[in-house]
Structures are given as C-alpha cells and as structure tokens.
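Look for chain A in each of the two complexes below; its partner is chain B in the first and chain C in the second.
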Partner chain A sequence: MNGIFSRNEAFVALIILGLVLIIGSINPNFFTLGTLYDLLRSSVVMGIFGVGVLMVLVSGGTDISFTAIAAFCTYVTSRYLNSIGFEGSVLVAFLISGAIGVLLGLINAILISSFKLPTLIVTLGTGNMFRGFMLAFIGTKIVTVLPPGMIRFSRTEFFPVTTLIGGTNGLSAAVFVLLAVVPVTWYILNYTMLGRGIYAIGGDRVAAERAGLNINVIQFFIYCYVGFLAGIAGIVHSSLVRTANPFDLVGTELSVIAAVVLGGARITGGHGTILGAILGVFLVIIINNSLIMMGVPSYWQSAVIGMIIILGTSITALQSKRESRVSIVDNQ
Partner chain B sequence: MSTHFSSRTPKTRDSLSLSRLLGILRIDNNLLRLLVITVAIFVVMSLLRPHPFLTLRNFRSMSYQFPELGILSIAMMLAMLTGGIDLSVVGTANLAGILAAKLLTTLSPEAAGGHIALLILGAIFVALGIGILCGIFNGFLVAKIGIPPILATLGTMQLYTGIALVITKGYAVLGYLEQFLFIGNGVLWIFPVPLILFVLVAFIFAMVLSKTVFGFYLFMLGTNATAARFSGINNTLVLLKTYLLSGFLAGLAGIIVIARTNSAKADYGTSYVLQAVLVCVLGGINPSGGFGTVSGLVLAILSLQFLSSGFNMLRFSNFFKEFIWGLVLLLVMVINYLSTLYQSRRQLQKTREAIAEVSGGK
Partner chain C sequence: MKKFFVVMMVVFLVALLVSPVMAKKYTIATVVKLDGIAWFERMREGVKKFAQDTGHEAFLVGPPRADAALQVQIIEDLIAQGVDAICVVPFSPEAVEPVLKRAMDQGIVVITHEASNIQNAHWDLEAFDNYAFGAKLMDYLASYMGEEGEYATMVGSLTSKTHMEWITGSVERQKEKYPQMKLVTESPLECYDDQTRAYENMKELLRTYPNLRGVRTSASTAAPGCGLAVEEAGLQDRVHVVGPSLVSLSGQYLKTGAVKVIGFWDPADAGYAMNKLAVMVLEGQEVTDGMDLGVPGYNKLRMDGRVLYGEAWVFVTKDNMDQYNF
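Here is the complex of A and B:
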C-alpha cells in the first residue's frame, strides 16, 4: 500500500522536476525567485480547491459544485461588504464567505446523506442551482471595486525582489492562506478519528458502518468543509484578480479534479494524500504558466495535460490491476 | 404493436387495463412521471404565453436547438448504461467538426462543379471516422487498461480539445459550402434536418438497445459486470463497442454543430458535457449502470427544451433556467428515492402480512 502512495507521488514529483529542469535549461530566466513567486501565487486558488476535492475523493465521492460555491460566496460577500461600506480587515470577508460556503455545502450534505443520492449527480444539480440563483436573483454585474480590505490583502507582499523589467515582485500574502489550509486539512485527515473515518468510508462503506462510524456525520463534515474551503478560495481568487466576477471559476472544476487525480487520489475512494494533491496542482500550474517559457505555444496546454492524465491514470490502473489479479474485464 | 393492443384494452375493465397497457408499452413509473412532467410543462407554458409558445415558428426554433444536445446525451447514455460516463463527447464532437471543417475549407475551391457532393460526403466521413477513432481510444483506456471511465474520458476530453486547439491555434474555422450548411439549417418538408437526424438516431438506438444481442449484453454489463463476465460475455468487446458508438454519435453531433453555426471552434459548447449528464439522469438513466431507456431521455430533453423556451418567452433571465434545471434534477432524484423507499416498505408490509396469514392459518 505504502509503495503505491509513494510511487504515485514520486512519479508526479519526477515529472515536475524534469519539466523544471527542461524549462530552466531552455530559458534560464525560469530559475528566479520572481518566477517561483508567480507560480506559487497562481497555485493558491487551485491548491485550496484541490485540498477540498481530495477530501471528497478520498471519501469515495465526487464534487463538481465547489467552483459554483466559490463564485457565489465571493460575489455575495463583495457586494454585501461594499453595500455597507465596510472598510475593515479581509478576515471579515473570509469569515462571511466561508460561512456562506458552509451553508451551501450543508445543502449538498443534506441531499447526499439524507436521500442517499450519488454525489456526482447531487453536486451537478446544486452547482447549476447555486450559479443560476446567483446570476438570476443576485446579479450579473462584475464588482470592479472590491472592498478596501480585500484590496489591501491583494497588495500585501513579502520578501520583495526586483524583476527583470525593473519592477518589484513579492511573495503574495495569498500564498499563506494555502500554507494554512494544507496543514490543517492534513492534520484532520491523518490525526483525527474524523479523518480516518473519511478514509474508511471511501475504502469500504459497509465495513466502516459496521465498525461503528457514523457515516452521516462524516459526510456532513466533508461537504460543509469543502464549502468552507470554496468560500475561502473564492475570496482569494477575487482579491488576486481584483474583481468579483460572477462568471469566473465555474468551468474549471474538472481540471481541479484532474490535477488531484494526477497526484494519486483514486476516484473510487480510500486513496490519496494531501502531498499528492498539491503536487498534482503544481504540475498543472507549471504546465499552464510555463510551457510558454519553453517556447511551446500556449495552445498546447490542454493536449499536454490530457496526455499526462492519461499516462498517470494508466500507470495507476495497471498497478492496481496487477495488485488484484482478478479483473472484471476479461483480458485474453 | 402497441396500437393493436391499446385498441383492445378498453374491453378489459378497471385499473387493470391501464397497468397492462403501460406494461405493454414498456412504460414504468419513472417514465410515466416524466411524461406527466413534460406534458405539464408544455400545458403551463402554452397557457401562460399561448401566442409565441404555440406557434409553428417556436416549434421550428426549438427543433433546431435541442438535437445537438440530444445526440450528445444519447452518446453519454450509452456510456452510463455500462456504469461509466463519457466526459469526452464534446471534445470529440469539436475535434471531428474541426477536421471536417478543415477539409471543407481547404478543398472547396478546387472541388467546384460536380464534386461538391463528394466533398461533403468526404467531410461527413472524416467527422464520423474521427468520432469512431476517439471512441475506440476511450474504449481501449477503459476496457483494456482499466482506467475508471470518468478519469479516462476526463483525460481524453483534455487531449481531444487540446489536439483541436493545436490544429486551429485557438481560432475558429469559418465558411463552408452552402450545400453543407443544409445539414444544420435545412428543412425537409416542414421538418428541420437536425430534428430528423435526432429522431433517426433516437429510433435506431432505441432499437439497438432493446432488440439486439449487443443491447442486451450492454445492460447485463451495466447491471453486474462480474455476472456478465461469468455468463460468457466478452466485457472488453462490449465496452469497446459502447465507447465506439458513443464516439460515432459525438462525431455526428460535431457535423450538425458546424453546419448549423457555420464555424468550428475547439471550445464550443463545453457546458454541454454536464448538461448531457443532467439530461440522462433526468431521463431515468441510472448513473451506476444497467437501467434507462431512450424514450426517457427524449422526454427529458423535450421537457428541458419546453422549459427553457417558455422561460425565454416569459422574459425570465437565461440564468433562471440554469437554476430551474438544477432544481428539477434534484427534485426528480429525491422523488425517485422516496418512491422506491415507499415501494420497498409496502413490499415489506405485504410480505409480513403474508407471513402472518400463513402462520395464523397453522
């Protein structure tokens, strides 16, 4: 078991290392602190989403509503804070947005655990509903002037360096949000009964139930937590792009799932680590942002990511096939 | 066959005749519920906005709108019946459409004269062929390598879209022969060509699923893959064929899209993927495989089309439609769940009563 975990993460880490070396040897500008800052900044939103998706995948579910939740939370929060003329800290924005996220996640949880409906279908439905509700009843106008707290947050940078064109580039404060989310979730998944329960119900639901785990409680936690993370990611996204656009984010959910799966999480549940998920996200971000530094035109992104997903999942599939020997599909 | 029996049913009396008729028509509870929903939406919209809704013009515009999504949904349905999913349908459709468009736009000047028909046929063959190839590759990944379908097609979705992007460099391929546009915009008698194609596809696949050995194997595989294997079904082959057909249908949808819009783009209709899943689930296709009918799917897509046209006429925002789609999907799922629960409880009750009767008689 351990072998597979490490192999899968090692596979992604090797690809990342290879890519970095190749990009760096073609374009030495890649090896600067500025590039690292840029890559980290672009990884934050997908990274937070990825951590949430990992938790859902480990529990044996699939969530595709988290982008709609994020867009909803950040749009509503920005408009609300602007309407009351709030000038205080960004922490309030995070709190409100996270709370809305928990509420929307609660809707997912109720449908999933009370009616025993398939998670993919439920989140497909709620994702449509959240986005439709926001655009039909709350508004479609992009908020171009964010609440002052969010603007201050987006301008906060640490350890500035001078870039090639003469400006300065620093480590965005947003990166620290990801740096907080990752260890908290890692701790929950690995060192609490709740976290072990999440792995257990993803591994074998019936066995987990017989072992005395309360599946309803665990599922409520998962979907509310993912909603909370989506709310946080939404505020980070709006702050980084400096607008709250209700049309943003939705449509990227499948790429996030792809990134997390690349990192070794299995869609059938029970397998996956935070480290793997973050590595998967980094790989996708490096391909998205840095292919162009290798002289590869940006329209190659999608094809390259597709090939890596197919390659990565093939390896996992062939490994688990060898593991179980007994396959449903006959191979002559 | 159904009309023959339905003309006889009035002879037998009371509720029995109705249930028998429904049984002969293969209408189960779910389908009946869906029929009621569809008719109800139609009636409500007709009453609310009789003028624009009940006009030939509205019907014609609706019948240009849904065939694309309808055919993609049937492609999705095939994969879902085996317990899988095909997220790559839109990617396949766009790739097929773009290659056909490339052929049409690069060859058209030379092919003037009597060769126009040949060129159009060539384009159609290219699109369908690419669809089939994409489908076979999906089938290979799922059946031979053993990647879970949702992941395999997530990867190929990116790959096919990526190849389409590389070919077009992100630009649209525009401007085809007028005769080719007939496929997307033409009218035969009073029926738009896309509608005719959709009806044909729906009919053929309804037959394939209910009347052929392959259809039977497909349902077996979707119900219980292990049991199917041990009853001597070659699961690998059935899966390969399923994804091949799914790719073929996606290629067909690709032709209709480029002929209707007169342009081919790599990122056209990306929201169709999840909409197709939604149509399937609404139509009663079990996402874990084994259950579902084409008639259910057709009703689902009709009801969604009535809803969205009606809402447009009531001047609701387009996004309200999105909200309602999600709501309808969840409501249908919850109602299905509750009715199954109710039925199984009643069954349990009946069994208990029967046992009590037997033991009481002793």
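Here is the complex of A and C:
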C-alpha cells in the first residue's frame, strides 16, 4: 500500500491521462503542441491561486478573499501606472501589485491572529470589503488600454508553431511566472521550518503550539504570502486578457478551492502537496477547455465538471479513509 | 389714456393666463439601472441635451449599486416629489411593476426602456426589435465571410432572453438568405459575460473547427475576448468576429481588424427619445404606429401593443469608431 499508487496525486494524474486519451480519440486535433500551449496559458492564473490556496488549506484555514485581492491589486496598479504614463517593464507592475497584495494580506493576518477569528469569516468579510472599497473609491471603469509593459508581456511568446487553421501559437511568457512560483512555494513548504510549521499547525494546532512553534508568525506569513501571490496572479490575468476589469475574478474562488481539494488537500488541514494542487488545477482547466472539442453541449458543461469533482474527491476521500484504517491495523 | 391702460391691462392678464399653457415646463426624471457607468453617463448626455433643447426640467438618477430594491426606492422618492413623468430603464421589470402602478395611479406618465414585457407603463420604447438586430448582424458577418463557410455562435448564458433573441434572429437570417454558411455549434456556447471565458471558447473553437470563418458573439465582453484570440493567432484576415459590444471595450480589436463590426444602440438617443415621448403623452398628443420622434433611429416607430420599436441600431467598424466615446 505504500507504493506510488496509494498517493492522491497518482489518482488525479490517472484521471487526467484517461481524460486526455478520451478527448484525443474523439477529436485528434487535441494532440498538438498548440493545445498544450493553450492549456498551460489558461492554467497560469488558477495555478498561482491554487498554490496560495493550498498553503492556507494545509494550515487548516480557508481563504476566499484572494480573488478580491487580485482584482484590487491589478486594477489599482494598472490605473496608477497609466496615470503616471509609465512605459517600463512589467516587473514594476508585479512589484507594485505584489506589495499591495502583501498589505491586504496583512489585514487578513491581523484579524485572524490577533482576534482569533475563524479564517473563513474573516476572509469573507475582507474580500467584500476590498472589492467594495475599490468600486466605491477607486472606480468602476474598465481599463482597456493597459500600461505598455503589461501589453508587451502578454505578447511575449516562445517556441511558435503553426496551428491547423493557419495561424501561429506560442508558449506564453506568463507560463514562466507559474514555473517560478511553484518551486519557490514547494521549497518553503517542504524545506524550511516555516513550511513544516504550516503543516504542523494544520495537523494539530495545540500540539504545534506545545512544540514551541510561534503560530502568530506562521499565520502572518501565510496570509501575506497568499496576498502577494494574488497580486502577481492579478497582473498576469489582466495582461492576458489585456484589460483591467474591477468586476473580474471575484466569483472564481470556489472553483480554485475545488481544484486544490481535487488534488488531495484536505479542508481540515495538515494534508496536501503542491504537485497535487497543480494536478487538480490542470484537471479542471482541461475539462473547462475541452468540452467544445468533445462536442458536449453547453447545457452539460457544468454538469460534467460537477460530476468529475465529486468523482475525484470521493476517490481521494476513500483513499484517505483506507489509509487511516491501515495505519490503525499497523499500530496494533 | 385710460382706455389705453385698460387695454394694456387686459392684454397683460390674457398673456399671464395663456403663457403657462403655451410653454408649460414639465419635470421629467429618467431612472437608470446603475449610476456612474459609461453606458448611463452617455444616456445622461442625451437627457441633458433634451433639457437644453426644450427647456423642460429633465434629469437622470440611478442607484449606486445594480439593485432592484434601490431602484424601487428612487422611484418612490420621485412620486413623493411629484414629478410629471418618469422614464425607467428597469433592472428587473417585475420588481418595478407595483411602484410604477402607484405612479400611474397618481397621474404620472410612465415610459420604460428595455422592458418589452412591462404591464404598468404608458409606453415601452425599445431601440430596436431584437430579432431584426440579430438579422442585421448576420448580414455583416455574411458579407465578411463571403456568404460561405463555418461559423459559431456565443451567448452570455442560455437563459439570457435578449442574447438568445439576437442569436435566433441571426441564425434564421442565415438559413433564409445564406444557405452556403454552416452553423457548427448546435446550441450557442456560453461565456457567462466573462471576457476570459470568451477568449478560451474562441481558442477552443479554432482548435476544433479548422475551417471556422466567423463567430457571432452576444455579450459585450465576448467580442473583445474572441478578438484577442483571433489577434494572437494572427487570423484577422480569415476569422471574422461580429457582435454587440461597445467601442470602449472592443476599440483596440476593431483597430487591428480582429473584431470586424460591433453593434449597439446609443443610450443618449434612447434617453432623448424617452423624454420626448413622455412630453407627447403629457401634452395629450396621440401616439401612432409609424410616427416620428425626431430622434435618429426613432423616425418610424413600429407599434406592437404597448411597445414601440425603433430602428436605432448603430454599427461600428474601424472607420467610424472615433465618433463614439463609450
């Protein structure tokens, strides 16, 4: 039972593999490099969000304010850079947006660790607050002409290929942002005291406290880091759609959480891996972006996604149940 | 001399009596769904222009949030203020029925817009018939596609009545006039009014149907979403995006040719026309089929029960996009 197939990630990977084979057999056009580029590009924003959500879930919390933070950061950053006529690199946009994200995450952290409030309630409140503040005081007008740096970033592509229809398709530069975020977070979670502390407080808060971990410091780090990631994801999102729309993103938080749970993270905390979260995101993205290819009518799209989420999570849940039974037997 | 004074006096009194009849000033409120967004700011320009042109006191108000209950409150306030007429763009027609009934009971003239199923109004004024608008958009798409090839359709959601009517009008026109064109999507794809979703739908359409030549979108954010996908793939000359949108949303793609034609109606004209219609009703003039409101697009209104349809569609390509600031 301790082989590779006892892990949740393996199940999700198998589902992905099966799904890809089914889609490809229905529509062979699926097996092109262009498809892979498109799917990767679509995964970036949800992937960055997913990494943040994973960290929160592992610590035993739930954050639903990250989409509001992302919309806030990117809207404010785009408006600000446009107002000063900034024409430089997109890195500046990432820095400003990330910094605003850290500040908003700090508000979450203060409320959560100082007042010991439940994370779901706090982030439900702050998410609405950030969004309302932005719409009321900063504006509702959609920015359709982004700062030039962000447009250049969205146009940057690598390894172009010719598509079936005669156009070109390349690997979006945005994919490399996800490729940077994933290993950094993976390292933090697995190879630092801080990261192990996050697993510890999610597994058993009291035990973690007695073991001498400073829970406040850990929680401050988690929510600031998630805010930072949200800020980054916001800029990527705006660049990719080439508009900064204050009404965007909010409303997608539950599908991100569903994707991460699909990848084996547990809502109760203590369990979950970066690999699982990313695989969960890929699965949802592949489903979302392949139903037209499979010829599934619009009416059925949400139903199919719902069924796969239930199927996927019940497999992982059964798996964890069996695991705990095995460990009891082992102990006896 | 005394006689002259008497005559002067009489003339003066008669003038006093007649003048209010000759130039009675009405107070007309226009209530919109949401205050502050570009669409209704443009409508405000039309209402202001009406006030300047006619001297009536016409103004525009709306709730700060898109909320049916807040809109009802505003109408209640206006009834209490005793305005002469209320023009409403209801957030939800059902939600405003009771309060509009109360307004009419108090003798206030009620004109609605974008609410062809309304019961409690003197008239509902629509910029155009949705099916006819859809047919027009299809004519544009067909001309870019050379009247042949595969095309797809997209709506915000399958439950959006307006979007479905636009698409039905388009598809019927295609079947009737352009038999060489082929619809590849059995039911319209949904984009949930989300630009990213529209972009991803378009990408997938391009993968699935290598012979795709056009797409008829519906949500105002779908045309730019699809346009971005077309532009990224460098297919501006091959794949044509046509659908309702606004210059502020689709302008950058109209410029590059990734979106060919967008259609909409001008809210400024709609506001002007509603106010004008309200004054006609207040002055007791007869509203007839085929009448002219003297506002572009509202020159030959078609009457259908309580609903008046104009032909106030505006179609914009990269050549005339500079005339529109919303």
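The rule we apply is simple: the second predicted complex is superposed on the first by the 307 of 332 C-alpha atoms of A that agree within 3 Å, B and C clash if a C-alpha of one lies under 4 Å from a C-alpha of the other, contacts with A are read in each partner's own complex, and residues count from 1 in each chain.
Here is the rule we go by: contacts are C-beta pairs under 8 Å (C-beta built on N, C-alpha and C of every residue); 3 or more make two chains touch, one makes a residue touch a chain.
Quick caveat, the model's predicted, so the values are computed rather than measured.
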Touched partner set for A:T35, first chain B, second chain C, both or neither: second
Partner chain(s) touched by A:N27 [first = chain B, second = chain C, both, neither]: second
Chain B versus chain C as contact partner of A:I267, first or second or both or neither: first
Greater chain A contact set [chain C / chain B]: B
Chain B versus chain C as contact partner of A:K116, first or second or both or neither: first
First (chain B), second (chain C), both or neither touched by A:V145: second
Touching partner for A:S290 - first (chain B), second (chain C), both, neither: second
First, second, both or neither for A:R242, with chain B first and chain C second: second
Contacts of A:T185 with chain B and chain C, given as first, second, both or neither: neither
Partner chain in contact with A:T168 - chain B first, chain C second, else both or neither: second
Set intersection of chain A contacts, chain C complex versus chain B complex: 136, 140, 297, 299, 301
Contacting residues of chain A [partner chain B, same complex]: 62, 64, 111, 115-118, 120-122, 124-136, 140, 251, 254-255, 257-258, 261, 266-268, 297, 299-307, 309-310, 313-314, 316-318, 320-321, 327-331
Contact footprint of chain C on chain A as seen in their complex: 27, 29-30, 32, 34-35, 38, 42, 136, 140-142, 144-145, 163-169, 237, 240-243, 245, 248, 288-290, 292-293, 297-299, 301
In the complex with chain A, residue positions of chain B that touch it: 87, 141, 143-148, 150-152, 154-163, 165-166, 169-170, 225-226, 229, 234-236, 239, 270-271, 273-274, 277-278, 281, 287-288, 316-317, 319-327, 329-330, 333-334, 337-338
Chain A-facing residues of chain C, complex: 36-38, 64, 158, 186-190, 194-196, 199-201, 203-208, 210-212, 224-225, 228, 232-235, 238-239, 248-249, 251-252
